[in-house]
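After the structure tokens below, expect a handful of questions from me.
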Amino acid sequence: MKRLAVFTSGGDAPGMNACIRAVVRGAVYHGVEVFGIRRGYNGMINGDIFQMTSHSVSNIVQRGGTILKSARSKEFMTPEGRQKAHDQLIKHGIEGLVAIGGNGTFTGALKFFEEYQIPTVGAPGTIDNDLYGTDYTIGFDTAVNTALEAIDKIRDTADSHDRIFFIEVMGRDSGYIAIQSGIAGGAEMVMVPEVLTPISEVVETLKQGWSRSKSSSIIIVAEGDEEGNAAEVAEKIRTQVGVDVDMRVTTLGHIQRGGIPTAYDRILASRLGLGALEGLLNGEKNVMAGVVNNELRYTPFIDTIKLPKPINEDLLRMVRILSV
Amino acid sequence: MKRLAVFTSGGDAPGMNACIRAVVRGAVYHGVEVFGIRRGYNGMINGDIFQMTSHSVSNIVQRGGTILKSARSKEFMTPEGRQKAHDQLIKHGIEGLVAIGGNGTFTGALKFFEEYQIPTVGAPGTIDNDLYGTDYTIGFDTAVNTALEAIDKIRDTADSHDRIFFIEVMGRDSGYIAIQSGIAGGAEMVMVPEVLTPISEVVETLKQGWSRSKSSSIIIVAEGDEEGNAAEVAEKIRTQVGVDVDMRVTTLGHIQRGGIPTAYDRILASRLGLGALEGLLNGEKNVMAGVVNNELRYTPFIDTIKLPKPINEDLLRMVRILSV
Amino acid sequence: MKRLAVFTSGGDAPGMNACIRAVVRGAVYHGVEVFGIRRGYNGMINGDIFQMTSHSVSNIVQRGGTILKSARSKEFMTPEGRQKAHDQLIKHGIEGLVAIGGNGTFTGALKFFEEYQIPTVGAPGTIDNDLYGTDYTIGFDTAVNTALEAIDKIRDTADSHDRIFFIEVMGRDSGYIAIQSGIAGGAEMVMVPEVLTPISEVVETLKQGWSRSKSSSIIIVAEGDEEGNAAEVAEKIRTQVGVDVDMRVTTLGHIQRGGIPTAYDRILASRLGLGALEGLLNGEKNVMAGVVNNELRYTPFIDTIKLPKPINEDLLRMVRILSV
Amino acid sequence: MKRLAVFTSGGDAPGMNACIRAVVRGAVYHGVEVFGIRRGYNGMINGDIFQMTSHSVSNIVQRGGTILKSARSKEFMTPEGRQKAHDQLIKHGIEGLVAIGGNGTFTGALKFFEEYQIPTVGAPGTIDNDLYGTDYTIGFDTAVNTALEAIDKIRDTADSHDRIFFIEVMGRDSGYIAIQSGIAGGAEMVMVPEVLTPISEVVETLKQGWSRSKSSSIIIVAEGDEEGNAAEVAEKIRTQVGVDVDMRVTTLGHIQRGGIPTAYDRILASRLGLGALEGLLNGEKNVMAGVVNNELRYTPFIDTIKLPKPINEDLLRMVRILSV
């Protein structure tokens, strides 16, 4: 392979720039030409493609977001879109792709390969950590720390006013951010999509806390919890508690996507970017580079897409023990 | 005066602990006994009062929230409540008060003085910076920096996705947080309660940006803006813009109240705490200690309560110029 | 004036980019052409000059350092150097300058004006806050907060180990960073160049602390203190104390110059950049824009260079009171 | 076992408080009495021992340092010291210990067991990550992020002035902090005790950078590198480079030990604290709880003390590739 391209796709995640940098510098190191594609599959279709050098990625390792920009592409879901994308790659002489994104991105890459045999190796870039085939995804550690900083701040107010706070964190299908930020933030309870926590159990925990004169409580709710979002959960609890308690709801929202990446995310992103690149150069295709038990591993897209990533039940047990 | 007490009241603000510390250490320095009252006027009524020493305030200068806890007290608004509070102060031999809070707190203190002649000197503790008689209030600088960090993070995503973000910051009656975080965050527009910004003007600004191929925009909305909160403003704009643009709304919420206080807030809080204490010892009463043009000044509660604090129009002009 | 240029000179300071942005956007707003000069007077001499647009300063308000780079220029101190610089300005049609820097920069500008009548308006960019004519300089608030974060971290260790820490902060001739970070960090003592603190007084304070069973202490030393730097001060004290105490010295060093600027610095920098630009357009020359008591003010370079900036003695008094 | 005690020993590390909290809450959960010992083995000798409840560890998960304080004890190295310590434990009815610290701590525990059969389970608390038997130690992730923030700040200045910076990070025998912060910070080179990097190689790398017109460079030096500390390395290089380059040295120092622990450290510390406690309750003794490949594992003290922890050579390779 003499020429390849890298792009980011789907929601942005802190560390994507460190990953791009590793792909580009790795390509330079291995003597391969490398191009950048802007705005994911949209840019591939529109030919927003440009050559990158070592210098193109100077001083970006510490930046949030993605210098290649990102987008979701409806057009790439159509045969016509993919045809145009392929024409552009041919025009630029690009023989392989490194795709930084999540399952939507990988699904597109798989379809594209079936039709045009352009090999793609993926790197998992998503704050939700919901991808099978890697212990952690790029951006997850930063998102957890961002949520944690917010929880620390809110605890100041919760303690000062003897309040119960319901804090909603990201995670439509995955409770990873909720559990990790909840343990680290000393939350009294964590509600996640993977495990049903009945409202009655939350009420019970709160009442036990009051009986030990715990004056403030923090409950973390993943946005995709079965009992509803944080506001809905709080409302259900208010009804059941009976007595008048001071309850507040806050939704952390988009701040969880951005920010300066942590050391962990920059190193993981560098490792996965380099791993994806070297995999592609070694003939890997339609696989995602991941780190499992501290080792680089390639997992077929078909598995990352189909297989669920189980939540660590030990961590849920820890939440319960640590809030006694 | 041989014995006085300090308390925090109303919403908590970062720097309140630094202020408490200055009151306590100042009292020790001047050889006066000092007591702490927990949970504001509620604690005064319930006798939640305890003696403090230099050691009581060790290692708190850097903490958010308030170690004395805070609350709003309905009971203190009744003559019976104030009677009980007075009884408690008499019981503890307390001759004067330092109250850290906002106008609600000062209104109570004024009423209390009329009935029982207990002198109070206030220190302005509120993140909103909406108090006449001081250039800045305790907690404001930290709140602005917290909002700013959030804006910086969101800009990463806005840029990566070519999006328009509406970010709601605190300020029911005051646009201070909005303006300062907006200028510092490089926002395209800032909407505040004090000045009417018609929706048509926002639409115009956005369109001008697009004509210069500005791909992302950030608009800061103070929660008390006349056009509504951020979600309402966004909806109005979506209707008027016509074309399909990617718009997102996020509300920063309670994170703005907490957190480690900035250097500015710790120094201001120390200065105002010491100023309030020394004012009280020098016979001041029913005044708030403030810093105006770098000088300590005492303003009657009656003025801090009645007089409006004008917004700095120069800063609004700066927003317009800097977003060209 | 139809065309002007902006440059940064001397040590870099957080907020310089926000200041550059304000100059450039202000020029665009007022319909004047604006150029950037790289590496201060060196770039002026070498013709490293380029036109800037509103877009040139996008997304830099939050960045530390200076996109125009900075340098100290020996060549500009020679008549030949200034001749070359003037030739370059003429060649580019530049009629006026905005210089962001300190007294070295302003001294050069004054000399340059005497010889070639090119007017300069300055903006005070230096972390030391040692410039007469403005309450605060660009970068000072960030430097204080950076020092403060370090002090907060070190206090964790000091408390955990019952240690005395001597922390050296920047300030060769000025104790501003030392005093502000010392008050905010809850230091037991602050040693500054402006005021002589004899070693015997430090020893006395430490002994008083021990008698009140204060187990850890933090002493802030400005690098330019008359008793020496932190290591020298610590050594002198070790000799006098007699008993065996666990003392450590740490020098914060260059981290104080960099970093994401605080809200305060970004706003001040924006205000001073715009103020410098509008001053230049209004015919000001050889003056520095400053903010004194919240108002924009122009001070002749001759005064900023010659007049000393007094330290606030009230703040030194506060250190003593707050460490009782 | 009905009653146990927990203590911290050796240098403090961020996350120690989260670990203490997990031990205490875990004990409460399992219905075992738990005591705290202040100042490590010194407190054990002096009887500075007190009962802890769930409430004793409220609101400490986010704090740096250790609420139990730490110390190195010479007296515990003597038979008399250990005799006194044992007497105190007997007096308090303490049957087992959880020791949070490093190899010095574990060596003492082993000796203590030989003489008095008091079982200890350890948790690895040290920022250096130099303990065999766990992938990461408590405090390491925070220390790396602290070093990284400093590197990010210094890069601002390095870039603004086209300078070479030598940054010394902690690690007398271990290059972990250096390598991880170096990769994450985009350093051009990392010098560690485990691998010899000849000065000539550094000079070569710098020259290659200049030939690609890289204007600034950052070189991370672990304090225990064979070529000397950062100042010594810089001096050697200055001699060999020949031309006049602007080089600066900065030593990060004690800030690396303190600070608010990251999410990673709080979770790891909680997991290891709970793991150590439950190990002790299940009859483990003279082992350290560690997390290896995401699983809890107990390693005999004898191994953590004797076996070296190899550096990850893949990461060193990454530094070279990423700085092309």
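We just call them A, B, C and D in the order they show up, numbering each chain from 1.
We take it that contacts are C-beta pairs under 8 Å (C-beta built on N, C-alpha and C of every residue); 3 or more make two chains touch, one makes a residue touch a chain.
In this text, all values refer to a predicted model and were calculated from it rather than measured experimentally.
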Open item on the list: Need the most distant chain from chain D, centre defined as the mean of C-alpha atoms.
Closed with: B
TODO: Taking A-B as the reference interface, identify its repeat among B-C, C-D or A-D, namely the pair sharing over half of the contact pairs by residue number.
DONE: C-D
- [ ] Determine the centre-to-centre distance between chain A and chain D, using the mean Cα coordinates as centres, and give it in whole Å.
- [x] 28
Task: Averaged-CA centre spacing for the pair chain D and chain B, given as whole angstrom - done: 39
Task: Euclidean distance of C-alpha centroids - chain C vs chain D, Å - done: 35
TODO: Would you pick out the residues of chain A that each touch at least 2 other chains?
DONE: 152, 155, 159
- [ ] Report the topology of the inter-chain touch graph, choosing from line, ring, star, complete and other.
- [x] ring
Open item on the list: I'd like to see which chains touch which, written out pair by pair.
Closed with: A-B, A-D, B-C, C-D
Task: Complex contacts: residues of chain D adjacent to chain C - done: 8, 12, 14, 39, 63-66, 69-71, 146, 149-150, 152-157, 159-162, 165, 248, 250-255, 257-259
Task: chain D partner contacts - residues on chain A that touch it in the complex - done: 18, 21-22, 25-26, 28-29, 54-55, 58-59, 61-62, 135, 141, 144-145, 148, 152, 155, 159, 180-181, 183-186, 212, 214, 260, 262-264, 266-267, 270-271, 274, 293-294, 314-315, 318, 321-324
